[in-house]
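Listed next: structures, encoded as structure tokens.
Each of the two complexes below includes chain A, the first together with chain B, the second together with chain C.
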Partner chain A sequence: MTVTLEPAVHGDRVSLLRVLGPAHVWALGVGIVLVGEFTGWNFAADKGGALAALIVCWVVGLLYTSVAMIDSEVTSTVAAAGGQYAQAKHIVGPLMAFNVALFLVFAYTMLEVSDAILLGDTIVAKAGVEGLTHNSFIAATIVVLAWLNYRGVLMTLNVNFVITAIAYISIVILFFSVSPWTQGAVLKLNELVTPGNALPYGWIGVIAAFQFGIWYYLGIEGTTQAAEEVRSPARSLPYGTMAGMITLLIAAAMTWYVCASMMPWEYLGITYYPLWDAGKLTGSPLLENLLFVATLLAALASANGCINDAARAWFSLGRDRYLPTWFSAVHPRYRTPYRSILFLLPIALAFAFIADLNQAITFSILSGVLQYTFMSINIMMFRKKWPLGSIRRGYTHPFHPIPAIVLFCLCVVTFFAIFLGFGSQLIAMVAFYFLISLWFHFYRYRFVRRGDQFTMPWPKPQGI
Partner chain B sequence: MSRYTPPEQSKAGQVFDIAVVVVAIFVALWLPLKLGLAGAAKSIDALDAKTWEALGQNPTMASIWEKLGYTPETAHDIIQNRFHYVIDWPTLIIMAAVLIGYFVFLFRASDREYRDVINEKFDDK
Partner chain C sequence: MWMALSYACWGISIVLALWMLYDWFKVDTTFSEEVLTSSREGELEAVSEKHRI
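On to the complex of A and B.
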């Protein structure tokens, strides 16, 4: 691969390198998300049954298609590290930007924690050695991937592209190995998902399933974090994000079909390894081992992308003085936000040891849904402040405002779903964001330069 | 509009600010775990007769459970561990109020800050 090693200019400082193409954007987005097919989505079956998991697969797919469309338009126009943070800063205001950056850091750090726990548990389960714990595997995963991110974004995302592709291909191989066109031989959907057990909790179970339905696709919006490091943001970001979303919709549908046709919903809802279990149930050692390796690779790719994204969001906060500028340092040789990477490392390690998989996933989902709620309002404000034709957009999403309205409505449903299981956590997290917002608005913001925050070459927004 | 010049923050002040954020993060994420507030209401609806039939499993389901290494006795606690969805209206109203209040504050305070940014940015030109 040929790359042009030209620095991305941001003021006079050493800045991030523009070395990435659409394949890296795809690898970043799909790499973060694909682990959701290997674990997490199946907890939706626990909450509402196998059919509920399928319904939310498609409905939440609609939510994320809206996210991808909206994100592609705004990010192809606001191409800066921090992704949605930079969007909020230019469209809504500093306090919103500060909160969005925290949503991003929480969502990605907790997703990284979930990935590391999954990887550790998978190895322990495979080893089957009494007394072996996942702690050392978790620590090694987080530390090694942080080091990889420290060393450079190009290498990080090249690695992600390869391991994500292998994990994805393993799902396709499993799908075609079980003869999906025939029922009765390997797949037994009709006997496992029956009228009596398809929706064991009724429609309230379908709504509850939204909480983990998010896990099918959570993180695809992370593609925007690479905005300052892609060679052509206006082309690469929409292309990579939309291609990633299509890839994931196909993977989610294949995963549900195979798993729901091979396991009773009660087991599917509690296993940490639905695809690996499906591989085992085929009776083929080759498929079993392939899916074991793919589970590990998917977890690695996701954690890798999450470290990349969380560090860039944190870095952006430092660069704009929302947090101490110490975090905004770029490594003079590797051109990475190395201090942010190192700062978030112990936080991820700490939560990997005190939270379990289910709770870490929920922390991540909570921050994700808060962010999507912001995005639905943000696109409305973007179109109002800079109507079509007033500035150059890399991509203009169709059917506005329908995707924004759909996204907002689905976020409300998901908040209700979270309330059904984790209402106290939601209130605790929102209380945290509220208090930290007061701290920022009344104290921290005094250290921020006002006009310097607006870096886009746009005309004055309308109505201000 | 005159250009705002922020004060220089001391090193100790920067360290203190970082500490505030880290402590807030840990309290927000760790406290619900510590207080046992995390997790949904799930409980086991115990059955006296522990057979595949009593557990609502047809022969295909039973054969898969057995392939996965389970017997009716060991699968009982998994199959009968059910959610009991109850809408606690006071908690739901509190959650909705907290969420709406949070977003209203965010947008209003952000708007005030944003107007300063825009005025300084575009009045300079």
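On to the complex of A and C.
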């Protein structure tokens, strides 16, 4: 078999392939996130009760709507693989960019690990066979999806679109199967959520619930990693991201309503499978099996998108020499960052075999919230350095600076919530990023070609 | 059936991992490092977008 070099996009160079449209952007963002409806969000009920899970659904929804709007504006202008990394590099500076890229790689790799563990555990729970472990299913999830990513971005995100759509439709089917317009037949919200138990720990429980409320939407910002592979980034990225956010808000509301109406908060807050359990509680084997399959598909879609995004962030670091350029290789046939995909593969496998689900999820959430905090600062600097009218924007988000301020305040609340539950992990992670920043500043940055890293043909920023 | 599925998962994982290693080796020995690492950020924007309002 011979490897044929397809016509390169720019002269003799081998670049990532621009083949994606808005539907792929939607599939990437919603695919990464939707698993959070199948598990994760419900732990918010354990922290603060069923009503707290609903409050954080909407308040964290506000946080992510701000993220989606801000991200859409900046990415429609800085359309490069690496997403928020490329934004940080151009707007804040190299040290911030290096940290943001690490946030991205950690957030997506740990989420991929969590997805694989969830998928393995779900199959083992369904099988109920003594001696069956989740290891083989974890390995297959990570390796098969890495192979898919290795072979090309178009097929990867076509697959993600199909399996994400099936998982999403399963939530809609469950919702309409339980007669949501009637209370007392299947749904018993009035009995399960009462004034006496709605907020069992008061408002501090609501604050604590923020930590897991993140799961309703964690990863929607991953759409920006496709910036270099969409045909029309200025149009596709805002459209796909905002459509994804609307989709998720609807899914989150339906999920809470069905689950809180069928399970007491004490159980809802500890189960790993809220939607699958809701399917079982309907008494319909068809719905039970549908939600089982949908849980697996949601985990697969999320892991698939995470491999895509983590590899592109790592690839971008190599391309700018923030890491060895070896990582910036593009496969001449499949046009994918194949070395980055292969490098991250054994790391994900190692974490999946040795880490537990809670640790992996916590590291993913922490890295995600660090990134959102950066985004609130980033947009303020972006609007200040390049005001409206100074450069072309594919999308301009409304009400600036209110979304940035809301985002920053909600990130602070979320950090406090994480500190309440996982204080030592929070401190350890911040210490890690501090040390790695010292390494980058005092050692690695000498290898960077400083003029080459700033690639956007923008005018000189104001005030500099 | 579940145990068989588990063994099949190990098999598929090993086969695909070996295929990726083989393809990696083949690509790296067929193409020069300059070609493989020739991707540059923002080239399309530099060509098509002048950022004139």
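The rule is short, and it goes like this: the second predicted complex is superposed on the first by the 451 of 464 C-alpha atoms of A that agree within 3 Å, B and C clash if a C-alpha of one lies under 4 Å from a C-alpha of the other, contacts with A are read in each partner's own complex, and residues count from 1 in each chain.
Assume contacts are C-beta pairs under 8 Å (C-beta built on N, C-alpha and C of every residue); 3 or more make two chains touch, one makes a residue touch a chain.
Predicted model only: the values in this text are computed from it and were never measured.
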(message) Going by the contact rule set out at the top, does A:281 touch chain B (first), chain C (second), both, or neither?
(response) first
(request) Could you tell me if A:338 is touching chain B, chain C, both of them or neither one (first, second, both, neither)? (result) second
(message) According to the stated criteria, A:179 is in contact with first (chain B), second (chain C), both, or neither; which is it?
(response) neither
(request) Considering only touches as defined above, state whether A:389 meets chain B (first), chain C (second), both or neither. (result) second
(message) With both complexes superposed on chain A, which partner does A:431 reach: first (chain B), second (chain C), both or neither?
(response) first
(request) Kindly classify A:462 by the partners it touches after superposition: chain B alone (first), chain C alone (second), both, or neither? (result) neither
(message) Per the contact definition in the header, classify A:326: touching chain B only (first), chain C only (second), both, or neither.
(response) both
(request) Specify the partner with more touching residues on chain A, choosing between chain B and chain C. (result) B
(message) Need the overlap of the two footprints on chain A, from chain B and from chain C, as residue ranges.
(response) 325-326
(request) Report the residues of chain A in contact with chain B in the complex, numbered from low to high. (result) 46-47, 88, 92-97, 99, 106, 110, 188, 191-192, 194, 196-197, 200-201, 204-205, 208, 262-264, 266-267, 270, 277, 280-281, 321, 323-326, 347, 350-351, 354-355, 358-359, 362-363, 373, 377, 415-416, 419-437, 439, 441, 444-451, 453-454, 460-461, 464
(request) Spell out the part of chain B that touches chain A in their complex, as residue ranges. (result) 3-7, 9, 14-15, 17-18, 20-22, 24-33, 37-41, 56-58, 60-61, 64-65, 67-68, 70, 75, 78-79, 81-83, 85, 87-88, 91-92, 94-95, 98-99, 101-103, 105-107, 109-118, 120-122, 124
(message) Under the definition above, what is the set of chain A residues touching chain C in their complex?
(response) 3, 5, 8-10, 12-16, 18, 79-82, 86, 123, 127, 129, 131-133, 136-137, 139-140, 143-144, 146-147, 150, 228, 316, 318-320, 325-326, 328-333, 338-339, 342, 345, 389-392, 455-459
(message) List the residues on chain C that touch chain A in their complex, please.
(response) 2-3, 5-7, 9-10, 12-13, 16-17, 19-21, 23-24, 26-27, 30-31, 33, 35-47, 49-53
